[in-house]
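Pasting a structure here, questions to come.
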Amino acid sequence: MKPRRLFGCLLATALLAVAAPVSPQAPVAPARQAVIDELVVANHILANEGVVDGYGHVSVRSPVNPNRYFLARAGAPALVAAADITEYDLDSKPVTNTSATGYTERFIHGEIYKARPDVMAAVHCHCLEVIPFAATSVPLRPMYHMGYFIGEGVPVFDIRRVASITDMLIETPELGRALAQTLGNKSAALMRGHGAAVVATSLHLVVGKAYYLNVNARLQLQAMQLGGGNVTYLDPEEAKKAAQTYERSWDFWKSRLPRN
Amino acid sequence: MKPRRLFGCLLATALLAVAAPVSPQAPVAPARQAVIDELVVANHILANEGVVDGYGHVSVRSPVNPNRYFLARAGAPALVAAADITEYDLDSKPVTNTSATGYTERFIHGEIYKARPDVMAAVHCHCLEVIPFAATSVPLRPMYHMGYFIGEGVPVFDIRRVASITDMLIETPELGRALAQTLGNKSAALMRGHGAAVVATSLHLVVGKAYYLNVNARLQLQAMQLGGGNVTYLDPEEAKKAAQTYERSWDFWKSRLPRN
Amino acid sequence: MKPRRLFGCLLATALLAVAAPVSPQAPVAPARQAVIDELVVANHILANEGVVDGYGHVSVRSPVNPNRYFLARAGAPALVAAADITEYDLDSKPVTNTSATGYTERFIHGEIYKARPDVMAAVHCHCLEVIPFAATSVPLRPMYHMGYFIGEGVPVFDIRRVASITDMLIETPELGRALAQTLGNKSAALMRGHGAAVVATSLHLVVGKAYYLNVNARLQLQAMQLGGGNVTYLDPEEAKKAAQTYERSWDFWKSRLPRN
Amino acid sequence: MKPRRLFGCLLATALLAVAAPVSPQAPVAPARQAVIDELVVANHILANEGVVDGYGHVSVRSPVNPNRYFLARAGAPALVAAADITEYDLDSKPVTNTSATGYTERFIHGEIYKARPDVMAAVHCHCLEVIPFAATSVPLRPMYHMGYFIGEGVPVFDIRRVASITDMLIETPELGRALAQTLGNKSAALMRGHGAAVVATSLHLVVGKAYYLNVNARLQLQAMQLGGGNVTYLDPEEAKKAAQTYERSWDFWKSRLPRN
């Protein structure tokens, strides 16, 4: 399913839900709860597979209102429970859980959702293998089909170019917008001295992209050590054709979660 | 036991099973079920030892009919159960489980079984350590006796040479045949921008070869970093003599599987 | 909270505890036990996250008496229990558990607490990723905000400069003082052919610093392999601003401890 | 305790046991069983810590008869049970479990025990980090005190120098003797295209040496990548002084074994 189509489909669902003369919440609640439950699983998978550690976060756009997104309140992803999931408007102001402390960097999510109607889910991580790439001028390139989206190019955001000396964090709407601008229409942007932002048209897809972004970075470093300048990356057209759903990865990663 | 002898032995068993005036299925069912059960274990081992992740697959030729092979229906190897195992003919058409979705790349298996009567089992993996080698012109070489079969040479299959721009997958009989041709009479072929195909005369052996292909690749990269051009690989004759059964590895890996 | 302020606060608590006409021990015992319990957790986390193996240790200054510190008796950090925690004076003489065998290198802790009133907790580890840096003249540099404190500089202590040929261990007050002198006002010092000493204003913070010191070292090696001399480290001013509490890491690591 | 002294002590115990008019077996059985139980634990630790995989073995000289040693029958170390432990004479002929299949490479152990009266325990492993060193002319050097014994020098055994083209295995007394000769009075010898042999004056010590031999190899590769030719290794005299018992490692590793 293509991004535009998925978005349109979800938008239609949302509009229907709003327009139809239904009892309040009854029809939308199941979809809302389902996406919250999946978001909890996404948090746990990212931690269990080493894409995030105690820090990092993952969000999903509301399936019933494209001007809202869900994100846990501030805390370690591995420990997120459904009750921690907060609904935000696109200015990253909490609509639910208003007394809870939010991630100071939630503007990464809000501003990307504003700028990119096709994006339905986003991850921010300090994924280790990409940090060295974010610190050099060596561009990430797609090593294999699982990293297909890297063929779009992975721009590097340098916070210093827009805000001089900072604590490196995306703590304002302005910084979020600047990051979204660097991201452009790509799947991922590296953040110099910090990590990465990854987006996709679904939660499963963004988890897969974040995971394989990291794996691909390791493979590329090894290939460059092995072959020097003579590394054959996926051709940009191959990369486009090789689009993945990562659905089997999701099933696999979910099955590996520690049982409580 | 040599490949030819093993194959002959299994073939004889199969012919006997067909020729003898026995009650239908009674004599062949145990062997069939046993190999299916082993194939489930092989799936779990490959996932648990990191040779495959959510993607990749392993097949085994039918012990009672050399024109058939067993392969799970599409899904993550770690989650494969006996009921998922499907019997295919060598054109990779399902004979059982006909309503299930098969791996789109099952032609890797079918076409290799056609081209290589000695092959009784095959693995397709995106094994991480070999991807950098598949992206360069550096040939894999045997670092130690556990990687003995690498002494035969490990050809690299570039799908672009036979099919121009693709999604990198072996989704047709033609592509399967081209891969089998590149594989030739070897134990393994790398697939540029994709992974590897590994074959052997038994299921235990193919699991061992896939595992140690990956380990050997890592060791070779390290050795080249350490010694530059001065790395001593196994002599081709040493490699031949050093053939392994990997039976102890199988026992070890099986004992490490998570208990349900 | 700044080091000085924290220290002043704890000192005040301690003085009050001593000065006030309270029933002996009643008011101070809870704080004392709480810090001992946290120290046990810190030991387990460091072992579980691979910062220490069978060797290495972590201490915390007494919350009720700045001239005392707590450190387990000699043993593997993973196996430390509350009963193993010993109270030492700053000359590293045991005040409790006097019949137990102490770490021969406890002078690392005692002498640093003497020299650095701001330090409330210390780790000594053979953290693997830093050993290569301790063996070369390549200085550690901050790769990302999680390694912010590396921006202060990480001096390398060479025991040979102060004591000629030794067994490499800090087994005397004199060697402890020499190490503390090399450490100066920094967060960490590497120890040539040995490991590192890491300090902080709290137990949670020192565990985080030790962990990310190790991670940062690995990232830096990778970045240097990737970019050669063209690696962009955090600007010293960025590093200062990027100070972390690592509280979410602590929660995450604690949740990952094996349950007995 | 020095090797010679330990050996003398054990020898004396053995002689006493033989000479004293005691009921047969009664006094010696406990020591014998204790060492067998420890050998089982050593097998499990080596597998659990990744020093061996499905292959590799560890032996210990009999505490009651220096002309005997204990070694499991052929099998994966992780799966060894007390009943698998076989007593061998120094010609590597089984004295117990005579109907069981022994490791074909047991001559590594027997011939080393013959040549080295000080050796009380031996490990043979395909420890991964040392294989690249065994394939190059780069000598292993001690990176830190935990690898102190590497300061003695780690010779590399090339089976081709004594036996031309082989399957790389030490399957005869002659090859065992040649390996023992290369080992000389050192703690470890690498085996080209194969792995390593490690010896020590006790079972705990040999497990520690095998483990840290492997770790040190990884650290040295990293240091050489970082510092090129400018790596500071332990001074030979430092290495001598830095002798370890690894007792805390043993406790730690034992605590990490999976519970049945």
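Every chain is named by a letter (A, B, C and D) in the order it is written, and numbering of its residues begins at 1.
Criterion: a contact is a pair of C-beta atoms (placed from the backbone, for glycine too) under 8 Å apart; a residue touches a chain by one contact, two chains touch by 3 or more.
These numbers were taken from a predicted model, which means no experiment stands behind them.
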Field: Rigid-body rotation angle, chain C and chain B, from Cα fit (steps of 5°)
entry: 180
Task: State the chain with the largest centre-to-centre distance from chain B, centres being mean CA positions.
output: C
Message: I want to confirm something about chain C and chain D. Since they are copies of the same sequence, is their interface symmetric in residue numbering (over half shared, so same) or not (under half, so different)?
response: different
Approximate Å spacing (C-alpha centroids) for the pair chain B, chain C: 49
Approximate Å spacing (C-alpha centroids) for the pair chain A, chain B: 35
- prompt: What parts of chain A, by residue number, touch at least two of the other chains?
  reply: 225
- request: Name the shape of the chain contact graph, picking from line, ring, star, complete and other.
  value: ring
All pairs of touching chains, each written as two labels joined by a dash: A-B, A-C, B-D, C-D
Task: In the complex, go through chain A and note every residue touching chain C.
output: 47, 53-55, 74-79, 126, 128-129, 131-138, 160, 165-169, 192-195, 221, 224-225
Message: Applying the document's contact rule, which stretches of chain C touch chain A when the two form their complex?
response: 142-146, 215, 218-219, 222-223, 225-227, 230-235, 237-238, 241-243, 246, 248-253, 255-256
